[in-house]
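Look at the two complexes coming up: chain A is in both, with chain B in one and chain C in the other.
Coming up: the complex of A and B.
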């Protein structure tokens, strides 16, 4: 294909979809999942797929690739009919997702732009509620079609929160902290201790101690408790390491991660290396959606305030920050404790999604995963954290059938990103809610 | 009473005496110059006064209050603004954000406001932005407010530092070689800005400078520092005629 063809095609799509506001995209996504709910299963049958593709067809395709690889290298039995699944999955993706989303987004563009303009005049709460409501409705419907989707979505949302909380320290503040899974572990254990120990009969932790009349508050309190404990743990890392600079924090925090992990492995009162199970099933999708939404909102508020921007100043030139009245020690401490708090909350959520935890879940593997999400998505950026967590999370799930190859493909992608965009895909961009939800001007059209 | 008073300040780097028995009396509204050959310890004096180093001996009094050994950010908040010899800008921040940042000590909405976006936060942030834009106008780079600092020409970067230093509402403004590396045109603009700041804001200014012409034109009084010691202090005319100063700059005149 020649360069001009490329440009024409890109132009075509830009003209087709350029002026669509977020509202239009959400409507499109909602329409797509409603279509899938209505005709997904019969359509999959028509396309000779064994069942409805769960992750937009990528999982189906990687299963086919895995089958081919197994046939070639391990002499496994191979059914050539499986090859049909690749075009079928692509067709499914196009018919159920791409076409309806594009069509609805395009057709509703004018109306949704007008709606976005109208809502923009009101308090920010109004458009935020509308957008979040639409997004939740779409995600709820999407996840409602399979348990696998539900758990993937929950874990992805938690990963977004965890990634963003690490981005405060590694991106906005520019230190390199490795203890985040440790903070997550503290949050997970402490909130489990809170819920399992206080409200549930359990083999390890004994009978329920409390009957709480306002029991809808149990879970939020458990999460806050977990988060605060994680902050206290962060204080233990921060006090010795903030006296030194640069690489020392990385080393100290890595040591701390190992200490935390072996602490939980050896505390028999907390189940030792078997961990704690039987957490109450409180982490429903709306709860996680709300908590993660709250986390993103408050962290974004923080990093756009002068207190938060002080972290950037500390990162770029600490001496100058200090000379411009910035209390650098306080700023760094705040960032560290806040990052740990939300990591603890993420841990609490994870514990109640999986309903078991053990120390092995919070090791070096988890660290690699969350660091990959931060650096892939982009430093110093809320968008980046969302992009990083969602793409690495979904990719990790979708490439699961490839087994060992997954651990080559994802790191390779990471290396490519590091070469071409060293600070990540969407780094250093402010997340402006009003702008994100506002109307978009169509290309070639004046405002 | 003197605005800034330094008594017998001495500082050692290990065994090296970088500054010895430095004394200073600075009145409000005065422009004071600190000159001296390279390595004389001029920037060290600045770093001592702004709290980056803690003096080994001696006292520093601002408005009669002892500020010796306070953290730099506390000293800055009490009214010492400064610029740096080699620009110390924050590379990922915009011009406007630089000036806003220097209001850090004045914001009072607290972390609760930062996390939950209270009305008080937006009121204070709007006020800070208004003041920051005013300061940028004052140093003549209002139109560059939303640019990243790395894209700016050198002279404009110097002015960003100047606006940023003014945002801490200094009683004394410390300028560490504000014209180093400037073209003659940028130099004369910078001199105008310094003069204007002095006239409009009535600031006391403490200036380290290599270009004697500029020091002679701007300053009310001049100190000459050689090997960490003040060898001469006086009006520009006095300094110009001082044989010790001439010797320090040009070497001893030997007549054979």
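Coming up: the complex of A and C.
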């Protein structure tokens, strides 16, 4: 294909879909999941797929690749019929997702642009509520079709919150903090202790101590408690950060992580290395969606406020920032406390999704995973954290059939990203809600 | 707690610390040149141990084992160490070319990420090719135990400590007495200006990675002799702890890395008897598996009071241009 052809095709798509606002895309996604709900299973049967592809067909394709690899290298039995799954999964993806999304987005473009313009005149809350409502409806329907999707979605949402909270410290403030799984562990343990110890009958920790009349508040209180405990623990890293920067702070945070992990392994009252199980099943999808949405909103407000700008100033030049009346100690302290708070909340959510935690979950492995998400997505950017967490999380799930090879593919991808875009895919982009939800002008048309 | 008991633990701590010190040297040398940490270094240690395993098995096959052997075991060991150091140096060079040279101008954290990822790839490749089960390291030399005044010392322990200290002295001689060593010191002093007067940055960087990896390979083989079970993840915990030692010694300080390595080994080994003494004196009941907790708390305390490490220069706002 020649270069001009390429440009023409790109232009065609730009002209076709460039003028679609976020509202249109969300409508398209909702339509796609509704179509999948209606005709997904029969369509999969027609395409001779064993069942409905769970993760947009990527999982199905990587299963085929895994089967081929096993057949070639391990002499496993190979059924050539499985090869049909690749085009079938791609066709399914095109028929159920790509085509309806594009069609609905295009058809509704004019109407949704008008709606976005109309909503833009009101308070920001109105368009935000509409967009979030649509997004939740689509995700709820999507996740409602299989338990696997539900758990993947929940864990991905939690990963977004965790990544964003680490981005405050590593991206906006420019330190290399390794303590994040530790904060998460504190949040997870403390909120589990709160729910399991106070509100639920448990074998180890005894009967429910408190019967709360407003029991819908139990879980938010537990999460806030976990987050606050993580913040208090973060003081151990935040106070040394006044005098130390860079590598020494990295090592202090790493030592903190080892200490926290070792502490939880040795506190027999908290189950030792066996951990705590039996958390109540309170972390439903709407709860997680709301908490993560709240987290993104408040972190975005934090980093775009003067406090956030102070963090950037500290990152770029601490001395100059101090000279320009930035209170660097306060800036570092707030960054660590806010970051640790949301990491603790994410830990609390994770504990109640998995309903089991042990200290081994919060080790070096977790650290590598979170760092990968932050640096893959992009530093200093809310978009980047979302992109990083979602792509690494989904990729990790989708490549699961490849077993051990997954741990070669993902690191290689990350190395390539680091070489070609050293600060990550979407680094240093402002997350402007009003602009994101506003109307889009069609190409060739004046505003 | 008799003096014997203390001496016994001191010997163990020396052995344990010499692994840390050898690995920490690799971190510290790379840091002094590039102001970056090579986070794949722990896994290079693991690769070195496996290369040593392969080389020694090959040599044993050639020269034979037991009474029929053509050459004594210690000669096989020396040849194994030399060949593995040479081969592992190339692993270090590859890591530099793939993960660090393209990122010379990137933010430092990005290079840290590539280092971490190369480490994961090395572990995974090992599992992929060798199947992930633990492998036994051949015992190249016969173990003898000497009883010196109630302290039991094996010949392996003595050998490990002597070989590692010998390697450290050799490195020190290389850095202080040769032209290349002088170039390395100059580069560590300022890696922006020194290349302008004709010292090749890339060559020096490659050399640093090669020497560090060779030392890690020696540590890996010595570790295999002392604890003859290798597994693909052995580099992870060792690597991170040696990294802690490198920082503790003061970044970029070779002397500091050695001493801090031995010190970390000492702290780790001595916490167990220390806890026992505390328990006996004050009738406490502290579990001896608190080793990591106590060791890292000591490290944390040292770093809080001496933020630039034991032998490092105080933090300066030296810019990375």
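One rule holds for everything that comes next: the second predicted complex is superposed on the first by the 446 of 447 C-alpha atoms of A that agree within 3 Å, B and C clash if a C-alpha of one lies under 4 Å from a C-alpha of the other, contacts with A are read in each partner's own complex, and residues count from 1 in each chain.
Operating definition for what follows: contacts are C-beta pairs under 8 Å (C-beta built on N, C-alpha and C of every residue); 3 or more make two chains touch, one makes a residue touch a chain.
As the structure is a prediction and not an experimental result, all values here were calculated from the model.
Once the two complexes are overlaid on the shared chain, A:316 sits against chain B while remaining clear of chain C. In the superposition on chain A, contact is made by A:176 with chain C only, not with chain B. Counting the residues of chain A touched by each of chain B and chain C gives the higher count for C.
When the two structures are aligned on the shared chain, A:327 is found in touch with chain B, with no touch to chain C. In the superposition on chain A, A:254 contacts chain C only, with no contact to chain B. Residues 319 of chain A contact both chain B in one complex and chain C in the other.
Residues 31, 37, 98-99, 102-103, 105-114, 116-118, 120-121, 123-125, 127-128, 236, 240, 243-244, 247-248, 251, 287, 289-290, 292-293, 296-297, 299-300, 303-304, 307-309, 315, 317 of chain C are the ones that touch chain A when the two sit in their complex. By the touch criterion given at the top, residues 50, 52, 71-73, 76-77, 82, 84, 88-93, 97, 100-107, 111, 113-117, 121, 125, 128, 164-165, 167-168 of chain B touch chain A in their complex. Every residue of chain A that touches chain C in the complex is listed here, in rising order: 170, 176, 236, 240, 243-248, 251-252, 254-256, 258-259, 261-263, 265-266, 318-319, 364, 368, 371-372, 375, 379, 404-405, 407-408, 411-412, 414-415, 418-419, 422-423. Those residues of chain A that touch chain B in the complex are listed here as 298, 301-302, 305-310, 312-313, 315-317, 319-328, 334, 380, 428.
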